[in-house]
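Each of the next two complexes has subunit A plus one other chain: subunit B in the first, subunit C in the second.
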Partner chain A sequence: MRSNPADYQLVAPASLQAVVSLLAAEPGAWLPIAGGTDVMVQYAAGKLPARKLVSIWNLPELRRIEVSPEEIRIGAGCTYTDLREHEVVQSEFSLLARAAAWTGGIANQNRGTLGGNIVNASPAADSLPALLVYDAELILISVRGERRVPYKDFHTGYKKTKLASDELVRAVCLARRFSGYLAYTRKVGARNAQAISKVCIAALGRRASGVVEDVRIALGSVAPVPLRLAETERLVTGKPVEPSLLVSAKRVAIAEIQPIDDIRSTARYRAAVAGNLVAEFLEKIGEN
Partner chain B sequence: MTGDHIVGVSVPRKEGRDKVTGRAQYVDDLTLPGMLFGATVRSQVPRSKIGKITFGPGIAWDEFIVVTARDIPGKNVIALIANDQPCLADGVVNHPEEPILLLAHSDRHLLPQAVAAVSIEYDQLPALFTVEQSETRSEVIWGSDNIFKSYLVEKGDVDGIWKKADYIVEGEYKTGAQEQLYIENNGMIASFDAQQGMTVWGSLQCPFYVHKALMALCNLTADKVRVVQMETGGAFGGKEEYPSMIAAHAALLAIKCGRPVKIIYDRLEDMAATTKRHPSRTRHRTALSKDGRILGGEIELTIDGGAYVTLSPVVLSRATIHAGGAYYWPNVRITAKAVATNAPPHGAFRGFGAPQSLFALERHMDRIAQVVGLSPVEIRKRNFLQPGQMTTTEQTVREPLDLVRLLDRALELSDYHAKKQRFAKENELGTSRKGIGIAAFLHGAGFTGSGERNLSSVVGVEGCADGTIKVLVSSTEFGQGTKTVLCQIAAETLGLPYENVEIAQADTDQVPNSGPTVASRTVMVVGKLVQSAALGIKQTLMGSGLLGDSYSAEQFRSACRTQVAAHGQFRSWARYEAPADVFWDDDKYRGEAYAAFAWAVYVAEATVDMTTYNVSVDDFLALQEVGKVLHPVLARGQIAGGVAQGIGYTLYEKVIWQNGRMQNGQMTNYIMPTSADLPVVRVFFEEMGNVHGAFGAKGIGELPMDGPAPAIVNAVEDALKVPFDSIPLLPEDVFEALLAKREPQSVGGVR
Partner chain C sequence: MTESLSLEIRALHEVSLTVNGELKTVRAYPMERLLDVLRHQLGLTGAKEGCGEGECGSCSVLLNDALVNSCLVPVLQAKDADIVTIEGLAAGVQLDVLQEAFLKSGGAQCGICTPGMILAAHHLLRRKPNPTTEEIREGLSGNLCRCTGYIQIVEAVAEAARRRAAA
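Coming up: the complex of A and B.
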C-alpha cells in the first residue's frame, strides 16, 4: 500500500438520505466508495487524490433489483454477482449478465457494482456497451430529488459524466422489450479471464423477411466513451445479410470509432478487430 | 528394513500442512522487537551523473534513518562474479530504478511519501537500450566494448562446409524479457549486533550467495554473518541473486539505526526493479546435404545483460551450450556474447539461457525442413544425436539414448499425424485456423562445465538424540519440493519411514553449504550427496555393531539413540567429487558440459481465432526422459507448471520497455495466463536412469521451460503458413503479419 491510511477519512452513513445530505453539504469533497474495486487500486498505488471517502457499500436502497411488467430497475449498488445470478437479467438482458460474468475475478464480482462501473466511466468498462444497446436510463439522486436521464447522454468524454457534484447514481432502468432479439457479445482481452478489454462489443439484432429489421451495436475501448455505432446500424437496417454488406459494414464501423495506441493494444488492431466483430455479429443475424 | 520404497512414491510435502493451514512463516510474518521498516530511493533516469540530493518539505526528516553509499562499512558492491554492481549508486547511475539511498522509519505508511519527497538532480548521459545499440558502441557504458562476456565454441571445420552444402538456411530469432512473477514479493529483515554480527531472514534461493555478499559489504568475517531462509513463496530464479541486494540494504539500515529493519517490496517495486529473463537475438546459418543432414553451421547468439554483469556470463554459458540442441553437428561455430544496456540487470530465470537458444534452434529446424522439403518430424529424426556421437562441446553421448523412439512416442500420444491432416483440411473453412507443432530438446542438469567441481558442495545427515534423522543442507524449498525429495532420498537410503526424516531450516549457522538451489541441480547433485551422507550414518551404526545387516525402523532408531548417548552429536558429511570421466576445458569451452542431460519432445496444438487473432493452446503433450522420477506428483507439477510458464513466455507476457524502464509493471498490464487460458498439460515420462544422480534422477526443474515456445510458434506457423520468429507473439503481431501477407478473407479493413 503506497498510501498512508492516516491521510484519509472514511465515513459510512446508515442511509442513502444521510449520504446525499453529506454530498450536498460539501459538494465535490466526498468520493463515494462502494465495492472499492477501482478506488482501492488507486489507493494501493498511492494515486488516490480524494482524501474524504463516503461508503455506500451495501446500502439497502441501492442493493435491490425490482422487476415490473415494463422494466427492471437495478440498484446501483448491485454487484456483478447479483447481476449474474438474477433470473430476469439472465433471461432478458443476457448481454449484461455476460458482461458481469467476465468483469474481473470472482472477488471483484462480489464487490464491484454496476453503479461504480458507470461513474468510473472507463471506456473499457465491460457493462456499458450492454447498457447502450438496451437504452438504459439512469436514476440520479441528490437532496434536490431524483432525475431520470438516458444513459446514452451520460458519458460526455473520457472519464467524464453528467453527474453533479452532489449526486449519486441510484438505479439503472432497462425496458423489458428486447427478448425477441438475437444477442451477441464478445470481449477481446489479453487473456480469457481477469483482463481489461482491448475491444468489446454488445449487440442486438432482429431479422424479418430476409432483411435486417432492427439492429443495435455498441463497442467499448475504441473511443473516449462507450460508443453506439449509429451509422453502421443505419447502413445495415433493411438490407439482406450478404458478403458485400459485411464488407461495407466493417468499413463504416471502423470509420465510426476512434481507437488509440496504448499499453494494451494498438489502434490498428482495435480497428480491425472491431470491424471483424461487427461482421461476425451480422453473419449471426444472417444465420438466425 | 521396511521393504517399501519411498523414492518413486508421492509422499506428502514436508511443509504442505503448514502452508495450507496458514502456519508457514514468510518473512513479512516475522516481527522483531523495535523493528523499523526500510524503503529504497531509486534512479528515475537510465544513465546519469547524480547531482544534488534534496530532502523536500512536508516530511519529518529527523524521524527517518537515511543511508547513502558513504555509510557502507566494507566494499560498495554486491559480491557475485565481477563485483561491478554497487549496493548503492555513488555519483553515477547506470539504469532506471538503481538504488541510490535508503530510508527507514517505524511507521511503514510514512515511507512512500518520504521516498517521493527526495529529489535528485541528474546530469544525464546518453544511454543504450537494445542489443543493437550496444553493439554500435556509440557509447561505451561498460568496460571497453560493452561486452560482459563472450564465448567461442568450435568443432570441426565450419569454413570448409559451405561449398559442400546443397542447402544453406539462414534465420534470425528473438526472445523478450520475462518476469518471474513469484506469488510472494521479495523481502528481507536484517538485525545487527556488534558482538554477534549480522543476521538476515528472507525470501531467497541461495543463503550462501547472500552470506558472501554481506561479508564483503559489511566487512565481516564468515562467522559474523548469518542468513536464514524463511518460507519462500516462489522464486523461479528471481530470488537467486537479487535478494543479496535487498539483504544488503536492510543490513546497512540495521547497522546505522541499531535496530532490526524489514524491507518488503510491493508488486510495483518488485516488477520495476528486480531481474527478468535476458532478451536475446540468435542468428543461424546452416549447411545441409540434399537429404537434410546438417553438415555444419554458424550460430551467433547475443543476450542483453542490462547494466551490470551479475549472472550474465553463466546465463550466456548455458545458452551457448544448448544452442546446438539435441542434434549432431559435425562442424559448428558458436559465437556468443552478453552485452550491456542501461536497463536493470537481467538475471536468473528458470531455463537460464536455454529457452532463448532453443527457441531459435527449434524454429530454425522447421525453417530448414521447409527449405529441404522434409517434414518437421523427418528433419529432426535425420539429425538427432545418437549414442557415441559428440555434442557441440564434444561431449560423448554415453547413455542408451533413442530420440527417434522418444519422438515417435510423443507423436503417437498426441495423435500428431492424424491431427495435422485434419487441421489442414478444416482450415479451408471457418473462422479459426488450427496447427500442430513440435520441439525436441535437451536440458543439462547441474552447474555448467567445471561449476560443480568449483562449488564443492557439502551435505550433512544427522542422527538425532531421539533416533530420527535430520538432513542438513543449504538447498532451499520455494515450492518445487526440495524438502520432500531430499527427505525421501535419506529415508530410502536408510530404510526408514519418510516421517522419521526431517530437514533443517536453511540457516547458514546450522547447515553446510550444499550450493545454490538453481540449475536443476538439487535432486540430482545434492540428492546424491544426501544419499552418500545417509549411507555414512548407516555404515557407522553397522560398524559399531549397533545395527545388523537387516533391521526394523525401531531397531534403527534405538541404535541411533544409543550412538548419540554414547558419543554425542552424530553427523555424517558428504562432499561433491567430480566423476573421473567428467572433464571440462574452460578456455576452449570443450568437454563434458553437464553430468547429465534430460531429453524431451513437446507437441503443441494451437488455434488462431481469425476474428481476434488470438492464439490459444488447445492441447499440450510433454514427454520427457528424466532419469528416474522420485516423486511423481511433484515431477508432474514441475512439468505442467513449467509448460504454463512457457505458454506465458510465448503468447502473453510482454515487458514493455521505455528508456530502460518497464512500463507495464503491474499484474493488470503484464499479462500472465490464467487457468482459463491454459490447456490440460499431458505429462509423460521415460526413465532411463542416470549414474550421477540420486537413485538415477536427473534434473527436471528447468527443462519444461525450454520446449513450449518453439512448439507453439511452430504450431502457429502450421496453422497460418506464416513464419513467426520472435516471442512474445501477441494477437497484434499475428494481425500485422497477416495484413502484410494480405490474406483477403482473414483481415478486417484497416484505415
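Coming up: the complex of A and C.
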C-alpha cells in the first residue's frame, strides 16, 4: 500500500549542526534521508516506520572527500559516483571504487551514499566488505560531539548498528597504507547491474619471499553482518600458495561463514561460491 | 520541534524549481515524489512510473545534470534545482540527435522505457562523447526495456554519438 505524502514531515536544515540539534531534540523521532535509494523504496511500499524525516542530501559538510598524507576522509554524504570518480579512491582504494561502480545503475549511484550504505546495515551491501579490509574508521557526530569508532565494531547484528538515536555518520576514514597490496574483489549476483549480491568479496594480500605475508579477506551476504574471515587469514599467513593450501583455506572459510537460504540464493550455493572466491583470490596472490 | 512548527511542516509547501529551463512554483507536500509533481502538477507525462522503487529507470530525469530516478526524489530535495525531462530535450519540433537515432534504429517499441533510456543516454554522452559498447551498456544498465532486447537501443546511442561527433 502506497504511503500518503500528507502523513509525512520532511525538513531540510541548511547545516549539519541544525540536523544534529533536531536529532537531539527528539532522539529516534527523525529519520535522516540522503539520496533516498533505500528510504524512498520503503516509503513507496508503505513500510517506512518513521513519520518525520530530515534531509541530509547535499549538505556541504557531508559531501567532501579530504585527503591528507595519512588518510582519506570521505564525507558520509558522498555518492557512489563521487567515490568512483575520485582519483585517490580509484588508485589507493580500488576495492571501494569498484564496489561503488557495481552498486545499482547510474541513477542510483548518483543518489546513493556511502553513509546510507553503512547505516542501512544490510549484510548484502557492496561497499562494506571493502571498508572492513581497509580497517575503516567512522566518525559519528551528535550535539555531544564527535567520536571515532572502528567500522569492524559498528555492525552488531542483522541491520543493527552502534549508532545512537541522536547520532549521524559524518565521515569514513581510510588509512593510506594499502597501495602495495594486491586488491581482489568480485560480486556474484543474478546480473551485473541492479542485482543485489548473492555473495561478494573484497580482499587485500601481499606476498613476500614466496609466502603469503599479509592477507585481509571480507565477505558480504554470508552472515548477518559483513564478515572478516579471521581464521582463514590466520591459516594462510606465512604459507606458500599451493594446491593443498587452497583446499584447506576453502574448508576453513566455509566453516567461518553463516550463509542462509533466501530469495536471492541458497546457503549451499553461497558456501560453495564463498570458498571458490577465497581460493581464486589466493591463486592471484600466488601469481602476483 | 514545537507543535506549531510540526503543523506547519505537515502542510503544503511552495517549492520552486526550474523545469526544462522554466522556473515553476508548485504547492506540494515535501515528501511528494518529484515524479508525481512532474506528471500531475506540471503535466509532464514523459517520465513514466514503472516499478516505483528505483529499479527500472523509466522515471529518469536529470537533477542538476545528474541522472536520477524521480520516483525516489522527495520534491523538497528538488527545491531550487534544475530539472530536465524528456520534454526538454527537443528544441521545439526539432528532435534531439538521440531521439532521431532511437527512431531510426527501432530503439523504441511500446515507449514506456524510452524517455528514461534517452535521458540516461544523454547523461552518458555528456560525460563520454565517444563511448564504447561496454560503456553504453553500463550507462543504460539502470534502465529496463521489456520489448527491444536492447540491441537496437545500444545501436541508437552509438549512432547518436557518431552523428554528434560528425556535427
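Criterion: the second predicted complex is superposed on the first by the 287 of 288 C-alpha atoms of A that agree within 3 Å, B and C clash if a C-alpha of one lies under 4 Å from a C-alpha of the other, contacts with A are read in each partner's own complex, and residues count from 1 in each chain.
Going forward, a residue touches a chain if its C-beta (ideal position, glycine included) is under 8 Å from a C-beta of that chain, and two chains touch if they have at least 3 such contacts.
Remember, predicted model here, so these are calculated numbers, not experimental data.
Asker: Please indicate which partner A:175 is in contact with in the superposed arrangement: first for subunit B, second for subunit C, both, or neither.
Answerer: Touch partners of A:175: none, neither subunit B nor subunit C.
Asker: Per the contact definition in the header, classify A:6: touching subunit B only (first), subunit C only (second), both, or neither.
Answerer: both
Asker: May I ask you to decide whether A:22 touches subunit B, subunit C, both, or neither, giving the answer as first, second, both or neither?
Answerer: A:22 contacts subunit C only, not subunit B.
Asker: On the A-aligned overlay, A:230 touches which partner chain: subunit B = first, subunit C = second, or both, or neither?
Answerer: In the superposition, A:230 contacts neither subunit B nor subunit C.
Asker: Does subunit B (first) or subunit C (second) touch A:35, or do both, or does neither?
Answerer: It touches subunit C, and subunit B stays clear.
Asker: Output check: A:57 vs subunit B and subunit C. Expected answer is one of first, second, both, neither. What do you get?
Answerer: A:57 sits against subunit C, while subunit B stays out of touch.
Asker: I'd like to know which partner A:251 touches here: subunit B for first, subunit C for second, both or neither.
Answerer: So A:251 only meets subunit B here.
Asker: Mind working out whether A:143 is in touch with subunit B, subunit C, both or neither, as first, second, both or neither?
Answerer: Neither partner.
Asker: Find the residues of subunit A that appear in the contact set with subunit B and again in the contact set with subunit C.
Answerer: Touching subunit B and subunit C on subunit A: residues 2-3, 5-6, 44-45, 192-194.
Asker: Contact residues on subunit B for subunit A in the complex?
Answerer: Residues in contact with subunit A: 109-110, 112-113, 116, 266, 268, 431, 610-614, 616, 652, 656, 663-664, 668-669, 671, 673-677, 730-732, 735-736, 739, 747-751.
Asker: How about subunit A: which of its residues touch subunit B in the complex?
Answerer: My answer: residues 1-6, 44-46, 186, 188, 190-196, 198, 247, 250-251, 254-255, 263-266, 268-269, 271-277, 279-280.
Asker: With touch defined as at the start, can you tell me which subunit A residues reach subunit C in the complex?
Answerer: 2-3, 5-6, 8-12, 22, 25-26, 33, 35-37, 40-41, 43-45, 53, 55, 57-58, 81, 104-108, 110-111, 192-194
Asker: Spell out the residues on subunit C that touch subunit A in their complex, using ranges where they run on.
Answerer: For this pair, the touching residues of subunit C are 1, 6, 9-10, 28-33, 52-55, 57, 60, 66-69, 71-74, 76-77, 79, 120, 123-124, 138-139, 141-144.
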